[in-house]
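Can you read through this structure? Questions will come right after.
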Amino acid sequence: MKHYLSIHDADDLTQWVDEAIALKKEPKKYKSLGADKTICLLFFNNSLRTRLSTQKAAMNLGMDVMVMNFGNEGWALEYGDGTIMGEGKSEHIKEAAQVVSQYCDIVAIRAFAKLQDKIKDEAEEVLEGFTQYASIPVVNMESSVAHPLQALADAITLEENNAKPKPKVVLSWAPHPKALPHAVANSFVKMMKLQNAEFVITHPEGYELDSRITEGCRIEHNQKKALENADFVYVKNWSSYSDYGEVIHQNTDWMMTAEKLDKAKFMHCLPVRRNMVVEDAVLDGNQSLVIEQANNRTFSAQIVLKKILETIK
Amino acid sequence: MKHYLSIHDADDLTQWVDEAIALKKEPKKYKSLGADKTICLLFFNNSLRTRLSTQKAAMNLGMDVMVMNFGNEGWALEYGDGTIMGEGKSEHIKEAAQVVSQYCDIVAIRAFAKLQDKIKDEAEEVLEGFTQYASIPVVNMESSVAHPLQALADAITLEENNAKPKPKVVLSWAPHPKALPHAVANSFVKMMKLQNAEFVITHPEGYELDSRITEGCRIEHNQKKALENADFVYVKNWSSYSDYGEVIHQNTDWMMTAEKLDKAKFMHCLPVRRNMVVEDAVLDGNQSLVIEQANNRTFSAQIVLKKILETIK
Amino acid sequence: MKHYLSIHDADDLTQWVDEAIALKKEPKKYKSLGADKTICLLFFNNSLRTRLSTQKAAMNLGMDVMVMNFGNEGWALEYGDGTIMGEGKSEHIKEAAQVVSQYCDIVAIRAFAKLQDKIKDEAEEVLEGFTQYASIPVVNMESSVAHPLQALADAITLEENNAKPKPKVVLSWAPHPKALPHAVANSFVKMMKLQNAEFVITHPEGYELDSRITEGCRIEHNQKKALENADFVYVKNWSSYSDYGEVIHQNTDWMMTAEKLDKAKFMHCLPVRRNMVVEDAVLDGNQSLVIEQANNRTFSAQIVLKKILETIK
């Protein structure tokens, strides 16, 4: 069974990107592939882009779609093995995952990091629970530590906008008032390690990502130096990983500006806080790729669903 | 690009009403028109009729439908220009509107007046924000100051039930325990000004609607006098406009009764509070058109979507 | 008009079960039957299985589906006759039911017992209100006192797994931390009374179900004795009926275990609290039918919708 839990589940990233770009030109070409197939989108957290783009991708492939906000429409789930369920949880992941598998052919799940407990977040109890007990393919619509549909959309966007044999791509941390998860940054780094690019990660000291993920990447604490001659600048906030889930300092001087960006293209997964993460001039200027990235979410989801549908025909 | 933000966006009201009545007879006639087209319904407020009738209308036209409760499923939106987004708002309308435009062909939006600040409500930040930044047609499913899908359904209902060359139509204010917006009344008045009818607005002093909208209309503070020989009585509560958003007094004697109604047909947009806005005898009697009005919501939405689809084929 | 409010609305249970089993083999066989027909699923309470399986059943029959969480997406409903609606309720069931009837061909409703007031719960104001005022068929997706889609799925599961001319089936009460409604047990008892089986109900004293429903059934307070030589054990918690809605004592020794189950098949409607209602060993063992029961929810809903669609073609 073919899941899509990590960007590494794309067995040939270059080919998937090329196929996604082809799908973008003819979105309805495979409309018969998903006929009489159903996808269920389960949201444990809010969503705008993922909700709409994954629905759209499934409909482009002719699938039926069922959307469910698990938090307030379903039952609170228990994930522990052997628990005596005498408290607030009404249903165990073992049943929930098997039951959902009776009603659809693919299940897609969004469950964010809670940023309270690193070990618990990294255990990915929701996504891993569904993967372990479901009898159908599972798609990650952003879990505690990964957002591989976003990373695939980012790869598509890079491919469409790159003119160089080996572009320079910078992942630049940005200030944010709230503590945010590492999922987007993690998946972007993993994806970039598969690209033929000069890749640099820049952030203030204390905001190091999981070193198992960034292993082998150049990390530069001087933002200005990191940005020199960049072709693409991917901006994203994340909270501290070592001091888990903390906003250790505001570093408002790390906000991306048109001046810092220079001639590079600007990327962000959205939602983005204007004049906090990035100034208006960048988002409103013509070097911004953020809307195209959002558009490419449809085609990253569509290539993933197409690849899965081809295995369950 | 063709939006439907106001009843005035129906370029020929009489013809739209006639076409809607024809659609009602053959709802599936244009099922191929919306094939491979998607509408997204975004709700910032509760909805029963609008939610179901607009979905139904879109499905009658063969469209795919995505429904989203923006408030609790998406991200809190910022509308201000140049704001430093360091507070509770996660996404700016500029991005949200452009992003939604990537995933659908038409977007329909419901965002009520908050009745706290007249200037802010009249700025229609949600509807206007989407209209300004979206790259697709926008449909108003009730905004702060207008409910043109309701007014179009009302026009259809009047046309179906009128036997006179120039009927008398009365818009009669009704008591209500809560402060309600002016949107329904505003759009009804605008629509009536396009009709060949004797039109009278009646309400207690202090409940004057926006004079820019009622300009040229007969306003009568004596309800009994206003209702004399009426053919249609449209009942609706609204809060004070001058003392913005206030319930200035209860005026329970303004409730519509069978006796007051006499031989006129009764209209209301629903939901309606029984024995507060109107007595049971009226709603349960055969002069009430409220269910037919609700039914006509499907066809007012359907003619609007059909007109828009014809421009984006 | 054909409603499905109670298991007794299946006019020939054996035949419906056989037809459902046939549908399970060819779920899409009647996909043209529901073409251009719409079902609206209205949820006043949470749901996982019912939400997804009823959608799936409707889609298998080619219907369009509209799902609505009435509680937080619609308006608070008033059910009383003649009430002056000056408090929190915005809409009367009379209008709501008639209005929903304008937009769909079948309406399905979930509204649980509140367990505060027996007379009010037994009046089934939501389900009965819709049944009385809607002009379309109504399907019960679990009301205060009945869950006939579950009972029909249970009948299908029994039929598929039974090898004896007259099997022994035991309904065994189980401990639970929260007060739960009687709906599932009631409908299971009603269904079993239509079966050729040796049927026993077992529960601690004080947990007697409504005697009008259990009339003629063997009730045994000694769980061990009840379970002797059972072929199927259906486990379910319910709160007290006489001391209405109370958890009178915890009776944790009534939990189902593999030892107690012996060679019988285990059934439960789900969601189930592990190691409270039933121990892990049962759910994880191969005598458990719970996932198959959940799967059969699709086909119980599908046969119900098929029977209704055949009357409204």
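First chain written, first letter: the chains are A, B and C, and each begins at residue 1.
As a working rule, a residue touches a chain if its C-beta (ideal position, glycine included) is under 8 Å from a C-beta of that chain, and two chains touch if they have at least 3 such contacts.
In UniProt terms the chains read A, B, C = N-succinylornithine carbamoyltransferase.
None of these values were measured; they are calculated from a predicted model.
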Tell me the angle, as a multiple of 5 degrees, of the rotation that maps chain A onto chain C over the C-alpha atoms.
120
Interface numbering overlap (same over half, different under half) for chain B and chain C:
different
Note: chain C sits from chain B at a C-alpha centroid distance in Å of 39
Give the residues of chain B that touch two or more other chains, as numbers and ranges in rising order.
72
Inside the complex, what are the residues of chain C that reach chain B?
36, 38, 40, 64, 66, 68, 72-75, 78, 82-87, 89-92, 94-96, 98-100, 102-104
Chain B-facing residues of chain A, complex:
28, 43, 46-49, 51-53, 55-56, 59, 69, 72, 177, 270-276, 280, 283-284, 290-291, 294-295, 297-298
